[in-house]
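Next up: some structures, all given as structure tokens.
First chain A sits with chain B, and in the next complex the same chain sits with chain C.
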Partner chain A sequence: MTATRQPTDDSARYDIPAHASADDPRVLLEEQIGVYEPVPPFPPRTEREAEFYTVGDGEMLINIGPHHPSTHGVMRIVMKIDGEKVVDLDPVLGYLHRGVEKICENADFHQTITHLDPLEYVSSLFCEWPAVMAYEKLLDVEVPRRAEYIRVLSGELNRISSHALAIGFHALDLGGLTPILYSFIERDEIVEMLAALTGQRMLFNYFRIGGVNGDLNHEFMSRLGDWMSRATTEINANLGLLNENEIFVRRNRGLGTIDTETALRMCWTGPNLRATGLPFDLRRAHPYSVYPELDFDIPTRAEGDSLARYLLRVDEIKQSLRIIDQCLQQMPDGPVMAKLPRLLRPRPGRAWAGIEGPRGEYGVYAVSDGTDQPFRFRIHDPSFLHLQSFNLLIPGNLMADWMAVNASLDPIMGGVDK
Partner chain B sequence: MDRRLKRRLESRFADRLAGPIRQRHDETELRIGPGDVPDVMRALHDEPELRFEILADLAGVDTGHAMQVVYHLWAPTTPDWLRVIADGLSRDDPRVPSITFLWKGAEWLEREAYDMFGIIFEGNRDLRRIFMPPDYTSFPLRKDFFLPDDAARSPGAGVRQMERTHVPRDAPATGHIRRTPAG
Partner chain C sequence: MAVVGRRFSRLSLPAKLFAVGLPVLLVAGILTVAVLILALPLVVSAAEDNLPLVRFLVAVVAVLLLTVPTAFLVIYLELKLIARMNLRIGPDRVGPFGAAQSVIHGLKVLTKEDFTPSGADRLVFTWAPVVVFMATVMTLLVIPFAPGLFGTDFNIGLLYVFAIGGLTIVGLLMAGWASFNKYSLLGGLRSAAQAISYEIPLSLSVVGVVILAGTLSLNQLVLNQAGSFLDWYVWQQPLGVLIFFIAAVAEANRTPFDLTEADSEIVAGFATEYSGMRFGFFFFAEYVNVFVVSALLVTLFFGGWTAPFDWPFPIEAPLDPGSLGITLLFLLAVVPVVATLLFALPFWLGRSSTPFWQALIIGFVIFNIVAVAAVLGWAFVSFDWVVGLLWFMAKSYVFVFVLVWMRATLPRVRVDQLMGFAWKWLLPAALLNLFVTASAVVILAELQ
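The block that comes next holds the complex of A and B.
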């Protein structure tokens, strides 16, 4: 294609004689490296692929990733650029595909939960949650209220840590190194207290079908109380780094704008959808667990740009702190697990459960055929659908703005690639 | 369970139903033939008394006899999830019309279902593999695609591979070991 190597004047710099023959090892090396062409070595399979890989005058294709740190995982983006401006792009997924759905269909109901944690590894509890909810529907199990409260409590903590990380990485991708360090301080506090509760720092494996793995313990409660007493102050202080940072604000304002109508057509959910002005939050739109008993607001922003998505996450952290406060006050006594046999064989049937995670709607569609393994296990991940909108958000902007948009959407490739 | 939704759907789609409308917990299930997908989805999306504006999920399912495409929808008009099952796609040549004309975002979901099950979504402009490499030839979530350690699959036996009976070292190599559990 047009990405051909320009003749360079390197012969002088590298002390290669201008008339070196092909036998010269240095010359051979030069020849062999060549330019990597992102064009696939097969004819285009679809209309869209043909359109994308037809390069016009002055345009060229480049690869970003798969190991680029701004991809938040392992993703390759083939970008068609005209100078510094992005014309079109084609995300290439699958570098982290592990076939979790297939593995879960070959594991029994308890085992599947373990495989779900590494999906969105910064919000593991939200990956387990819809699965246990779907199984509880299949089994007609009533979850003890204390277990539900513990789920909400730990889930909201997880949400805060996930948002803190998203905000920090948003700044990092724009070149600000400091905010991520403060984000990690907050996140580390939460991760340590969840480790005290669940026994694991990241892949908690805490929710069980019919409840949670263990009751609240002293270390968790003392860490939580300690942190809650200063969380609001600290988070506000940290956000001052970004909210008043002119570079951050001006680079994000008006970037990657999307309206509600388009966002719905692109199947967006979660904070990214709420940043367009629609207060759609499954905790209210389709109440589950004990959220109907808790008092919190659904923050929205009207602008629908990168800055709005960032600010919305900030607002959500504050609401999560409110929820945690109420959970601690209203926490009932009682068991944390329903009484269930070790070997589960739900009657044949189908169940869908969707929850509001830190990135949007996480869902699981589980089909039982009467055995101890799910017959079909479908995982729905919100980041997958947010990534898809790159083609709407990025073309027309500069290449470097891709990172700002990507970070504001906050995709986690572990969940996207399943 | 939203009984009103059930009655509404029964009267609206009486001639399209491929099975009874089932309700359980907070889910309502509508079963239609693959050819009816565009009309039914458009009605569900557009009509003011239905207004299913959010496509929560699109999943392929291989029942072993036929393929299904399962859509989950959310609407402000009902407290239920709506599950629409496009049932009875042939396993040899599963085809169903695309719904990208309603939800552009279904494009990748359909690509995923194509990648995993080989279901052809007619009208999707970008139907190519998404997770598996482009030169891959099989469809991994089909029921006739076995994992290398799929000897572990013993329906109903409840015994996992690692807990299985000890296989003597001099046992003949069968490749696909299937043994009944001890006892």
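The block that comes next holds the complex of A and C.
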């Protein structure tokens, strides 16, 4: 089969008949049916591919994904295993690629915000935020302070919901059934709250260039006050199931350990980087919005393993609660949108804006040529960069450890594949 | 009958069932009666000649039939209890509190396509669920449910349980190999490794009990523990109970040791390629196994069917219905009518808005409840197997609850942790338990 195999993308170029026959290399013959090997590209395109798909003695290739229960979306990992031990692995991405960057180059500045929401669908506000910040830099707009506070407030709420989900899925990937549902208590309440504020449960589409879409309303505030009074108790109840659970702790301690230099070399940011001991947080390192006026700590952990990444998210939830509390106390009155023309034509130029999201640095690089559409539009997504470290973290561990490491890195495939 | 006048295809489903079922039932009934009348003497004499065989056959059929409600009950408990622990409602549509949900699940797997993947070893693939199911069911044969209520009384009952229980793994390995799927293969291999590791501490943990009791017969073990709850072996073998419980959970492939079907790692393990009733058999076996594990734990360490304490007020039920003679017939005819009327009376008199027929229905329902309660109460005090069965089931389902609770709470261990725990902790602990027990027995015997 492999000897006569041809690239199968274009039948006209390679003179392949329109109707399949037994001679067609694309047709699986009777004796080949049921051979579910991950088929390597032929001929191998790189040396790495040739090396990876050469299976040694006692090793086998196994497909994890793209529709495996614990891939957090549609990631595919081709794993070379020796018994249960992972020898090597090859992530195959692109199953959720939608070409968001290109779509954004053909949409006007307001419309791009909508396309950015489904990137990291559990933390949509953080996908909108860098884009509107980049456009505001291009347009030289002053955002009203109330709008900035609302952005921080809603953003921190979104961060809590995202971290709660990450913690729950971490437990689910290790076989715990209950923590995910306890996490959803938090997440559902926050999502309802943000739905009252933004009108959508998931893809909020709330930030606007020069402000936000709509002021705080009564339902949001009453839900928020109600939830804030019991948030700590509820979150601690869930953590009790995990932090004091010997099985959970032992499965994560010392697993997927990475040091700060390697993490920096692999472009890690966010909680995963801070779990290696480096207190790098864009909210403090490159202050934006009203974060300089708020008092919060940057939690760090020295271990750099899966457990540290999990515990760091727990700590961040508590810091976010602090920030929300301060936002509510310090929020000024005033408008929530800057006065802007309906059709935006920023001056030609380029702008980068990066913010600290729940998974790391979310960035947007936008180039304007003076029209109402971005000339070039690029998205920086943290999950993608965390995924590229799999080959440092997994090989040598067991197959089940991949699930723990993957869950602790907390990638969202919508953002990875863009 | 208007039913007869219509075309058959236009009838409703109950009417169709009625029209087809009634003649069939009639004919079958008449035939059965005829055969019975003709062949009854032969059958009776044959049965009398082979009484152990008949008893065995009856026991096998009873045990096979028992698995269905047991599995349904455990599945329902698991659905509902885990839901409540997750702060969900759980099944609440079918039956009272969703109690028939597991029956619907059973019907669902019956009606689904029975799919065999290409490349699978068809023979092994087909027989694997049967092996797993039968191995689980056959362990039920020797478990004493109540005094006199057991399949057979082996003098090597405990050995039989472990031997047959170990066969489950063969079935899982067959399923894993025959499915022609790497996830299944990994699941099958995991189950084999797990079984080999945990069979040893499991077997060693009960040797202490065997030394104390001096028998392998499960019936004799229960009888040795009769008395109060202080006579249970759990007090003499606390470490043994712990080891047995942990190892048995691993043997039953339950959380936190459910690596064979770890859904977040190897999709569904050995069951990945199974569908329809074959899949159903695997899960029937799993849930029956949960009950078997609990029942064994109760039998070995918690007194089996014996009551934990003597009821301080002994109840005598000298009533023998047979001695009443013709009066019994008279009572059976009169008591329902009189009791129904009596129970209906307050409802009819008390509320002027209640019509007499409604009061009669209420009275009839109340009479039925009272009658069933009375019969059960009479059975309870008259037959000690009813009491025994009640205690046995109550104790067993406590441990079923614990297993379900563990599933809701604990994450899954890793393969190397699983193996390390078995060989580094459980096995030495079991050996220690065995050593201490044996020494104590010898020393106590020397002292006396």
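Basically, the second predicted complex is superposed on the first by the 385 of 418 C-alpha atoms of A that agree within 3 Å, B and C clash if a C-alpha of one lies under 4 Å from a C-alpha of the other, contacts with A are read in each partner's own complex, and residues count from 1 in each chain.
To be clear about the criterion, contacts are C-beta pairs under 8 Å (C-beta built on N, C-alpha and C of every residue); 3 or more make two chains touch, one makes a residue touch a chain.
Bear in mind the structure is a predicted one, so any value in this text is a computation, not a measurement.
Peer 1: Please work out whether A:69 is in contact with chain B alone, chain C alone, both, or neither, and reply first, second, both or neither.
Peer 2: In the superposition, A:69 touches chain C alone.
Peer 1: Could you tell me if A:213 is touching chain B, chain C, both of them or neither one (first, second, both, neither)?
Peer 2: In the superposed model, A:213 contacts neither chain B nor chain C.
Peer 1: In the superposed arrangement, which partner chain does A:200 touch: chain B (first), chain C (second), both, or neither?
Peer 2: neither
Peer 1: Looking at chain A, which partner touches more of its residues: chain C or chain B?
Peer 2: Touching more of chain A: B.
Peer 1: Considering only touches as defined above, state whether A:285 meets chain B (first), chain C (second), both or neither.
Peer 2: first
Peer 1: On the A-aligned overlay, A:175 touches which partner chain: chain B = first, chain C = second, or both, or neither?
Peer 2: second
Peer 1: Who does A:345 touch here: chain B (first), chain C (second), both, or neither?
Peer 2: The answer is first: A:345 touches chain B but not chain C.
Peer 1: May I ask you to decide whether A:378 touches chain B, chain C, both, or neither, giving the answer as first, second, both or neither?
Peer 2: A:378 sits against chain B, while chain C stays out of touch.
Peer 1: Both chain B and chain C touch chain A; at which residues?
Peer 2: None.
Peer 1: Quick check on the complex: what are the chain A residues that touch chain B?
Peer 2: These residues of chain A touch chain B: 40, 42, 45-49, 93-94, 97, 99, 101-103, 105-106, 108, 111, 137, 264-269, 280, 285-286, 343, 345, 349-352, 354, 361, 363, 365, 367, 369-373, 376, 378, 380, 384-385, 387-389, 417-418.
Peer 1: Please give the residue numbers of chain A that touch chain C in the complex, ascending.
Peer 2: Touch residues, chain A against chain C: 33-36, 60, 62, 68-70, 84, 171-178, 181-182, 185, 241, 245, 247-248, 250-251, 398-401, 403.
Peer 1: Which residues of chain B touch chain A once you look at their complex with the stated criterion?
Peer 2: So the residues of chain B in touch with chain A come to 24-27, 29, 53-57, 59, 61-62, 70, 72, 74, 76, 79, 81, 83, 102-109, 112, 116, 125-135, 140-141, 145, 147, 149-150, 152-153, 155-156, 158, 160.
Peer 1: Under the definition above, what is the set of chain C residues touching chain A in their complex?
Peer 2: Those in contact with chain A are residues 82, 85-88, 117-120, 180-183, 186, 190, 255-256, 258, 262-267, 407-417.
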